[in-house]
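Shared between the two complexes below is chain A, which pairs with chain B and chain C, respectively.
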Partner chain A sequence: MTAILNPHAAPSVGPERSEGVWAAAWRRYRADRVGVLSLIIVVMFTVLIAASALDLVAKDWQKEVGVPNAPPTFLGPAPPEATGVIEQPKGPNVDISAIDPLAPKYAEWAERAKAYATPDTIKAETLPLGGDRLGRDVLSKAIKGTEISVFVGVLAALVATFLGTLLGALSGYLGGKVGDFFEWLYNVFEAVPGILLIFAFAAVFGRGIGTVVLILGLTGWTGLYRQVRAEFMKHRSREYVRSAEAIGASQVARMFKHILPNISHVILVRMGLLVVGFIKSEVILSYLGLGVGIDDVSWGTMLSEAQAELILGYWWQLVSATAFMCVFVTAFSLMADAARDALDPKLRGLE
Partner chain B sequence: MLLSIQDLAVAFRMGKVSGVTQRQQAVGRSGTTVSFDIPENTTVALVGESGSGKSVTAMSILNLLPDNAERSGRILWQGQNLIDTPLNELQHLRGREIACVFQDPMSSLNPVFTVGEQLMEPLIKHMGLSRKQALARAEELLVEVGMPEPKRRLGVYPHEMSGGQQQRVMIAMALACEPKLLIADEPTTALDVTIQRQILELIAKLKNKMKMSVLFISHDLGVVGEIADHVVVMRNGIVREQGPVASIFNDPQDDYTKALLACRPSLTENPARLMVIDEHIAATKAAVEGRSAAAARLAKAKDPNAPVVLEVNSLFKSFYLKQGLFGTREFKAVQNVNFKLRKGHTLGVVGESGSGKTTMGLTLLRLHEPTGGEVIFDGKNLLTVSAQERQTMRRRIQVVFQNPYASLNPRFTIGQTLVEPMEIHGIGNSTEEREQVARELLQKVGLDDRAFGKYPHEFSGGQRQRIAIARCLTLKPEVLVLDEAVSALDVSVQAQVLNLLKDLQDEFGLSYVFISHDLAVVRFLSDEVLVMKDGVVVEQASAEEILQHPREDYTKRLLGAIPRGYQAA
Partner chain C sequence: MLAYLIRRLWQMVPTLLGVVLLVFVLFKYFGGDPAEILGGLNATPEQIDAIRQQLGLNEPAWFQFWIFIKSIATFDFGKSWATNEAVSNLFATRLPATLTVMLPILILDVLLALPIAMWVAYRRGSLTDRAIMVVTTVALSISFLVYIIVGQYVFGFLLGWFPVQGWTDSAWRNLIIYAPLPVLLAVMVGVSPQTRLYRSFFLDELGQDYVRTARAKGLTENKVLFKHVMRNAMIPIITNIGLALPSVFIGSFLIETFFSIPGLGREVLLAVNRSDYPVIQAITVYLAMLTMVINLVTDVMYKAIDPRVVLK
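This part shows the complex of A and B:
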């Protein structure tokens, strides 16, 4: 009877895995209201980026859909400009066809011109978030810019994390000569001012999304490297690593199978911060004209264009790009913060 | 009455689940609360296993508990109830009237201040002395706690001192304001037996000299029997038994107290198995009901001519310390160790910390690279074999480390931990087969099948040490190096693990190298004993021989230092 009343009481086949470190972290994360809210925002951005990458939205961002510098809809159309019109001469029209040598051809040309249909699109007077100097929709640009900026930030963070983790692990675990070499390399990278290093790389590699990713990845690994190195040095002499050595686990297995999962939270959180930092770096690079190409748009190029527009009073591109960037970067930073709180084993049990 | 604890209960708030605050009861269980008295000039000992609530009870006196603790009951200090005393009044009591000494002297002292400055602080703050007076008083205090060269010690930093000296400084700090009550929370647990003896004698001497009372917290009945006047036995947050030390040791009433007294390996008798708390309680119950308890198993006689599995000849290990800009200094950690280990036998290695016993054990496995000598295992010198052979050899010699909390990978389930070594060495053909072996071994070390999918943090220290042992057994080793494998465990848990080790030795014919600072434990398990001092073997003989007729002064000193419990004077 109990079996019918309570089908779950039967002994389960094989022991179930109990709540792992990640499951426990997720449980703590869910309890953090700010964390959950920022996660929702980041997820919404992710969906937007995916849609943009699949050309579902903002496909025609390069189309000149509005009049140049079309204001946002809520402002209404720009007042017609007072153009200096030349005054019409007084008196009747003078017929000059008699002396116009081209007069007989007009009818023929008009006939020939009819063969070429020139579509005369009606440009919108206003756009949802306004238009840029070519009349392109700022909303579409901002969405497309989000795609590129975030893509660059995440990819560069992945490159930097990979480099930093690998070098940090080797340096921290092996120590000795290898450690000295990587420390030397680290010091060289740290000694050169960051922005100068980026300029140097940019000058060599040229312009483009791939270059920006590479530049940021190659220059941004140092902080993560230091932290991973310290963690590996700490864990290297822990007894569980020695136990692994005693059962015959190889060095690579000890480094990446035993130690790495134990410090993964450090790397993950650091990577979250790198993404934020790199997005901002990309903006600076593009603003300085070393970033993405001219036929691409990113938050950085938008801000760079906005500089010239602002003088003329066209503020909407600046505001849109800034708003998108602020919301995303803030949400992402808060999410990384919440993730650190949830993942840090030192905070475990102190709820 | 100096201090009277009445109806104390302590609970910890553990966060909220669906609006209801969750509480964990640490002291007092289901209506039963804790009460005991500390009279003037008396030593009261709180004894119990970890998790029994003894430290929480002591820390609640001065409210040194974390913020989420809730206390109820009364703590009367000379008639004043400390539970509703505001914090600023408590701070006048702290250090001045009631002082504390904690377990780990290294982490209790501030590493960036000199010993002198730390000693002077309470003197200036509580006693209102000038710097000059305080300095003079600090020196006096160091003399009082038996510190050699007290004047020089005032200017040194904590890391320049040994553990015993640090604990002396802690005691000196506690005594600085001549408190009426000294709370000593496991003050000797982190120390060697010989140092422990000195500290115990020091506390006893100071107690008589300064006419103060001591609340002494320990898990070790041996220590308690020597120092206490009155004993309070705690388990699971409640007092099981309390009374004068003589009656607790000679005529214990509670089953748990009896079991605690029985489960510690002793120097005077050598049973084949140790009593485990639950077994002991069950046996007493059975005897009361007229049934005879399960007959104690007899020790299996060991074959003195069993084949030699491990032979060590003149093993050396040196560490090189950097000195100056280019120079290095040689530190000889292990010098000229020789022994033979036969199949199914146990070699005990004893010595104080820093004697090189752990280094010696780890050198056998080449977890440290040896400097010289040879380790013959199965006819091959382990120290010169190729990397390939070394991997197979590694399978056959395994190690269990001291700290069960650190030796298991926290991100691996128990299953993963047990299967990994078999995967590395290609034992078993499929994952299912390996998991099957792992489950069988879990059963063998006394854990149930559900443990397989759990993570290490869900187990107690004793259970983790069993898991660590099971991990070694997956490789079917012939030699097991046990590096202080039971030192971090409670007495009762220690008994379980020691029994397990003995059973496994009988079943699989394992040979052990058992490294410990505790001679009583070594004696229980070992056939032959090496006594090490400063990296050198000072005495090497059979376990009985060492205990009955120690030749070296050092061995005699080690033996003399072991707490023997209560001795009727």
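This part shows the complex of A and C:
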């Protein structure tokens, strides 16, 4: 006993200590060149999103800084439209001040108007990535839209992960009546096709960013629940959990302090897949008008504006929104794939 | 077999009851007041009261639940609040349009994805395999919306190969004139995830011992692939098709909205926008039933494909 408690004993952490699951995963991850590249892209996007959230960039996305439908800079300004000139009436202007009841006040009003300086805004002929129908900068909109879309996707994934993990842990660890109840709940949610469930929730809860997060989170937890439940069933009778029980760890401690860290990599991988799925769902919901409100911009609202613009030949908003989304989602999926392969090779092939 | 079917059907009862309960609770406690939605903006309090009386909203909750169950069991959800059309009639008239578009999509998806997936799985690690995996990853990350917007613009508007949108009463004309463009676009989108999924199924099977045995006893590659691997890979593939089937019945609401196809998906979306509760409730409950039946049929089909499967 004294030997164990001896503070001068050599520390057990030595070179022979095998590397932990995270260190091993990181080593495997670094070897994956595609994974590293996609990680860098995702980090760059994260910085951009943080800057946008802190109002460092794209703060003025709602300002009408350009002429309507301003083309991208590399295309040059739009050729002036050949407008038919309205023929000026010939002959002198008819003086109607004798019968105009407002005539005496014109001078006074002109005097008063001088007190207010109206800034002469010069609208830009071209914008870096073009302008939308109101002359708003598409680049700013795309950055702000990235912030909102990714934010919704990540937050909804967090809600779904929390729900799935909690219910899965309870169901898998406790089993019995509790397990049966959650299995029943799972079957109920699985019985309704996903998109219909989202619509039913949307019909009831209304619109807005918070609502989208809630709807996606409340309808998307089932896959994660299933996996967490299976993991908890597998782990609950392992030796380390029995040992924890023997030294008097409570049930909650055993579930969330002992088992949960051991399956956290499974949850993380699943969450990555959820983020991608939810971002895509948000885009479609916003397009349909069930997503973010009109005061916000997301990739979905940009695409819905772009549809009408495309017919008129203004393709830049469509291309910008698509390019931002394509790069981010591709990088994020590849990163999630690489993380899955690094963390748990058994999950390979999971879509 | 019969005992199995009866037991499975019996097991559906609690799940179905759960779906009904979920829909009921969702719309009763979280949704807006039906009387106010029905009454409109200019309704007087007396009118609202009259509507409440008529809908049974003044009854206790358990009685309202009982009314709800009765309406499901008798297939009588009453009339749509927005158009006053009977909900059953709405289903009957919208379903054909949805099926005209969705069935070809489902069939073409499978027919295209199967050979591609088998080919790339067989050539695992080759340039073709990697190229297809990269292409599908990128294709998957572009929103379905973009495919439809661009496809409609390019094929319908610029090139004029297909009508931009439209629908007629003649099923045949719909199928050969108006359905091809939506089908083409949906298949372009659907093939990528299907291919990736089927590829992983084929890869699983190709690594099995029986494949090596079949090759060792001198079977041709064609026989190995089409007779042995194919049949074994069919089980997960059938599961997957079974999972996709229920969504065929609501159709792709995006496609139907874009191409103005008078199908069920568009109707659901309209109902959501109009707060048309009876339509949403009916379609949710019936689709849940359908999903469960399809799952059962899928399970029974396993037996036909794989004699080792024991239904219990």
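Here is the rule we go by: the second predicted complex is superposed on the first by the 292 of 351 C-alpha atoms of A that agree within 3 Å, B and C clash if a C-alpha of one lies under 4 Å from a C-alpha of the other, contacts with A are read in each partner's own complex, and residues count from 1 in each chain.
Just so we're on the same page, a contact is a pair of C-beta atoms (placed from the backbone, for glycine too) under 8 Å apart; a residue touches a chain by one contact, two chains touch by 3 or more.
The structure displayed is predicted, hence computed values, not measured ones.
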item: First (chain B), second (chain C), both or neither touched by A:246; value: first
item: Touching partner for A:268 - first (chain B), second (chain C), both, neither; value: neither
item: Partner chain in contact with A:280 - chain B first, chain C second, else both or neither; value: second
item: Touched partner set for A:203, first chain B, second chain C, both or neither; value: second
item: Contacts of A:37 with chain B and chain C, given as first, second, both or neither; value: neither
item: Touched chain A residues, chain B compared with chain C; value: C
item: Chain B and chain C contact sites that coincide on chain A, given as residue numbers; value: 351
item: For the chain A and chain C complex, residues of the former touching the latter; value: 184-185, 187-189, 191-193, 195-197, 199-205, 276, 280, 283-284, 287-290, 299-300, 303-304, 306-307, 310-311, 318, 322, 325-326, 328-330, 333-334, 349, 351
item: Residues on chain B engaged by chain A in the complex (per definition of touch); value: 14-15, 365, 367, 391, 394-395, 398-399, 401-403, 406-413, 420-421, 424-425, 449-455, 458, 468, 471-472, 475
item: In the complex, chain A residues that touch chain B; value: 14-18, 20-21, 238-240, 242-250, 253, 258, 261-262, 345, 351
item: Chain A-touching residues of chain C, taken from the complex the two chains share; value: 14-16, 18-19, 21-23, 26-27, 30-32, 137-138, 140-146, 149-150, 153, 157, 193, 196-197, 200, 203-204, 246-247, 250, 253-254, 257, 268-269, 271-273, 275, 277, 280, 283-284, 287-288, 291-292
